[in-house]
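You will see two complexes here that share chain A, one where it goes with chain B and one where it goes with chain C.
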Partner chain A sequence: MKKTRFSLNIIKIFMKNQMQNRTNIILDIANMIARCFIVFLLYAYIFKIQGGTINGVDYKTTMWSMFMYFCIMTLNLRHLDNEIMSDVKSGNVEMFMNRPRSYLTLSFMRVLGQGLFSFVMISIIGAIIMIISIGVPSVNPVLFIPTLILALVLGQILALFIYGLIGLLSFYIQDIRPVHWVVDKLIMVLGGSYLPISMFPKVMKIMAYASPFGAINFASSTVYDSWNTNCYKMIGMQIIWILVFGLILFFVYKKSKEKAMINGG
Partner chain B sequence: MYKLSSYTGNIFLHGQICAESLIIKKLLVDLRAFFIVKYEIGIRIGEDYMKIIEVKNLSKDYKYKVKKEGKGFIYNLFHEEEKVVKAVNNISFDVEEGETIAFIGPNGAGKSTTIKMLTGILYPTKGDITICGYTPIKDRNKLAYEIGTVFGQRSQLLPNLPLTESMEMFGTMYDMDKEDIKKRIEELTKLFDLKEFIKQPVRKLSLGQRMRAEIATSLIHRPKIIFLDEPTIGLDVVSKKNLRDLLLKINKEEKVTIFLTSHDTEDIQSICERCVIINHGRIIIDTSTKKLLSDYVKNKNIIITPNTEFIEFPDLPEGMTYTKKSKSQIIVLVDTEVIHTQKALQELIKRFDIDDINIDNESLESIIRSIYEKN
Partner chain C sequence: MKNIKFGLVNILKNMKNEKELKSSFIISIIGMAINNVAFTILWYYFGKTVGVLNGWVATDIFGLYAINSFAFGIVNAFFYGMVEIPNYIVTGNLDKFLLTPKNLLLKISVSKFQTSAIGDMLFGLICGGIYIVVAKISMVQILLMILFTIIVSIIFYSFSLICMTVSFYLLDGRNISTGLYGMFISNSLYHGGAFTGLLRIIFIFVMPSLLIGVLPVEIMKNFDINSFLLILVLTVFWVIVSVLFFYKSLKKYESNNLFGFGG
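Coming up: the complex of A and B.
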């Protein structure tokens, strides 16, 4: 109970802190709209020359999937590892290591708090624009809404664990950016940032569904027809990856605390 | 009576009243003895509790890799030599509850490393630490409720939000309920005079205001000890003075033990009753600040002003040197290990036509400097 209250409080406070940068939020929304606009125009053209469907998926479904992916990205959980690295490098980590709550939990809540407001705003505004411009996605609402929420939450827990793990590497190596770059690109590609998963070749599709990098963005697959049959398998996959990475994270964090080296001590 | 007899043995079975009263007397004596032992144990426990920090044979080594000169990249990739730096080398000390202690030393002496081990941030290589009955590494979470930390070069506050938000965040972190947080913020606002800027975003505060805010925030959960690592760094003289007064106030009013590191001797002199001087990772002096000032003063400055003007500056006996020669004032440094102050005064009176004399003790700064140089 106390831990939940603390976590919610941290999210709330960092959300407030982030909301002070109103210009940044407006720029984020503008950036999102611009990206969506360009991608949607490109895909409209591609679908048109392909006769309206690709791999049995139509333009509207693909666009909703891409939109969901972009929304998830605005949560900015991918910044977690960089935040941990800058805390470790600057020595600021010492300000949080002698607290009754774990530094890692605090970092998770901090990064969530920083991205949550933009995520909510962009999702709401974007969804309205999407409904007006291309219409409501053809989904089974009874299954879609609860599984979307579940896949989104589980995916973001997994993202926190993976990026947290990369962040903790900064206790061992000087620069984690090359590792971040590789993992981040894997998440982007297998998550459907460059190309919707429905258009992937078979091998890539298997990789997207079986790897932890693809599992982060399963929420963007909820609009596909295949979700109705595969959703339990995919959610199960997310849970397995959460358990695996949670366990690794637990041990690495325990070891990282021993490795802490801070300037002037 | 029968029941009592079963406790007291054979004598009661004989039913002798005098024996009964003897037994009761004995019982009372035993009871008294029992309570005395209890009382003594209580005092002993009390005495242990008075020691709020106990450090025994504490060491911390840092390892780093060194490349062999003259060898190529590939060789060094596989044959890196590991060097060990002893940042803290087998130190032991105790701190009592309510004490104000300065932990001082030159850069790289090991003072910050010690503070970080005491607060559970760094793992010691060797040795034992007990703070408020807890071992920092093992009981890091429990210990966190008992201590507060302020690192002069870092900030724990949220830059874009008013100070109250940071205080609330830390209050929640320490499991305080809303009412308690509110009450404590009011107390700290009064104690630290935060009212004028408590609603301002932290990034708009002056450095002096921010440091006050940092210390106040560290005290939100009513810790028993506060560790301050160079809290007055970068502050102007007025802000430094205000901060020192505040630290003394929290020591007096809230009975908070103060553990401070600083390069500013004024901080030490005005706040701390005790000084622990550390160099090359070892404690070289652990004494009261008063004793440090009296025992380690070996030089005195004699300042003389002339009746008319000083024209000549005659040679001085051994142990006396001019540090200032001017027409209106002469300052002579006297090494009291070579020449007694009284004798030095006589020598000066013989040589000059003096209107006024002042004798100053060596400053704490120069005492500490000479201790560093010796060690």
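Coming up: the complex of A and C.
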């Protein structure tokens, strides 16, 4: 209970901090709208010349899926590894590690707090614009809403674990940015950022559904028809990946902590 | 001539500095080259799925990325200081550049070197090689590709400078500048066949994203003297506008008392 309250407090502090920076929030929203607008115009044209559907999926479903991907990205959990690297390089990590609370939990809550407000705002405003401009997605609400929330939460826990693991690599290698770039791009491509999953060739579709990088953004697949039949399998995959990366993270963190202590910080 | 010599000396000095951390230097280059593969795969498969789109076929993506990545690499590797202008303004580090007698814009531009951009150049070369082989382009087209890489680098530098210069008008313009810069670059990486009508006009004349990849590839495929001249005229236009805008905006800069050494 105490731990939960502590975590929520950290999120609240960083969220309040972010709320003060109104220019950044407005910019985030403007950036998101501009990016979506261009991508949507491009795909509107492409769907039109392709006869309204590509690989059996229509324009509306594809755009909702891409919109969800862009919303998830505004959570900005991808900065976690960079924050850990900064702490390691500056030596601040020693100060955090000597505290009674886990440094990793603290870092997780910190990045979550930094992106949560933008995410909520953009999701609400964006969803309203989407409903007005292209309509409500054709989904089964009884299944869609709970599974969307579940897939989103599980996906973001997995993202925290993966980016946390990359961040901890800064205890062992000088510059983790190249690792970040590669993983980040895998997440971006397999998550259906600029090319919707429905347009993927077979091999890439398998990679998107079977790899941990694709699993992070399963929430954006909830609008597809296939979600109705595959949702339990995909949520199961997310849980498996969380367990796998959770275990790896636990051991790497333990080793990193020892390394920090041996070196004297 | 003196300025060119000064710029080269600075670039070489920065490069030597970066090379000191050998493993980091190599990993950054290779990492960035691998990182770029993602976009190529993405749009290549897009091209495969939708087929021929306004004359664009899947393999043209390699031509687009060859020119775009190489030009991006040149600007970001050797003139990365220009991208750092918003940071210099916010931290007050611009003062140290203002106090030197050398050409200000050049001094700022060559003040930093970005190692990973060498990876972009490497990636551009690989894409260029693939495009030459797969699209079976002629010798004239290869020469055009080289010429366009130089022209695109100039446009890249000029419009990026405009994006960064916007920071002079804001208290902390880092987000706006990087947002504009990101928008400029990301739109240049889309499949070229998707830009039509108003969108095409906007991204040629207002934000020249199509000038740094899409248009050169189209000209390379079907040479058209009017389009070629248009690129040349727009290049001169963006260079003049960016330099004038920078020096005009510079007057907005208010010095602070933060100490910074080096550069």
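Keep this in mind: the second predicted complex is superposed on the first by the 260 of 265 C-alpha atoms of A that agree within 3 Å, B and C clash if a C-alpha of one lies under 4 Å from a C-alpha of the other, contacts with A are read in each partner's own complex, and residues count from 1 in each chain.
Just so it is clear, a contact is a pair of C-beta atoms (placed from the backbone, for glycine too) under 8 Å apart; a residue touches a chain by one contact, two chains touch by 3 or more.
Just so it is clear, the model here is predicted, and its values are computed rather than measured.
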Partner chain in contact with A:N17 - chain B first, chain C second, else both or neither: first
First, second, both or neither for A:F250, with chain B first and chain C second: neither
Comparison of chain B and chain C by chain A residues contacted: C
Touched partner set for A:M199, first chain B, second chain C, both or neither: second
Contacts of A:Y172 with chain B and chain C, given as first, second, both or neither: neither
Contacts of A:V182 with chain B and chain C, given as first, second, both or neither: second
Partner chain(s) touched by A:L42 [first = chain B, second = chain C, both, neither]: second
Chain A residues contacted in one complex by chain B, in the other by chain C: none
Contact set on chain A toward chain B in their complex: 2, 5-6, 9-10, 13-14, 16-17, 20-21, 91-92, 94-101, 257-258, 260-262, 264-265
For the chain A and chain C complex, residues of the former touching the latter: 23-24, 27, 30-31, 34-35, 38, 41-42, 45-46, 49-50, 54-55, 173-175, 177-179, 181-182, 184-186, 188-189, 193-195, 199-201, 204
Contact footprint of chain A on chain B as seen in their complex: 62, 87, 110-116, 119-123, 140-145, 147, 149, 151, 153-156, 158-161, 165, 168-169, 172-175, 201, 229
Residue numbers on chain C that touch chain A, as the complex places them: 21, 23-24, 27-28, 30-32, 34-35, 37-39, 41-43, 45-46, 48-50, 53, 116, 172, 175-176, 179, 182-183, 186-187, 190, 194-196, 199
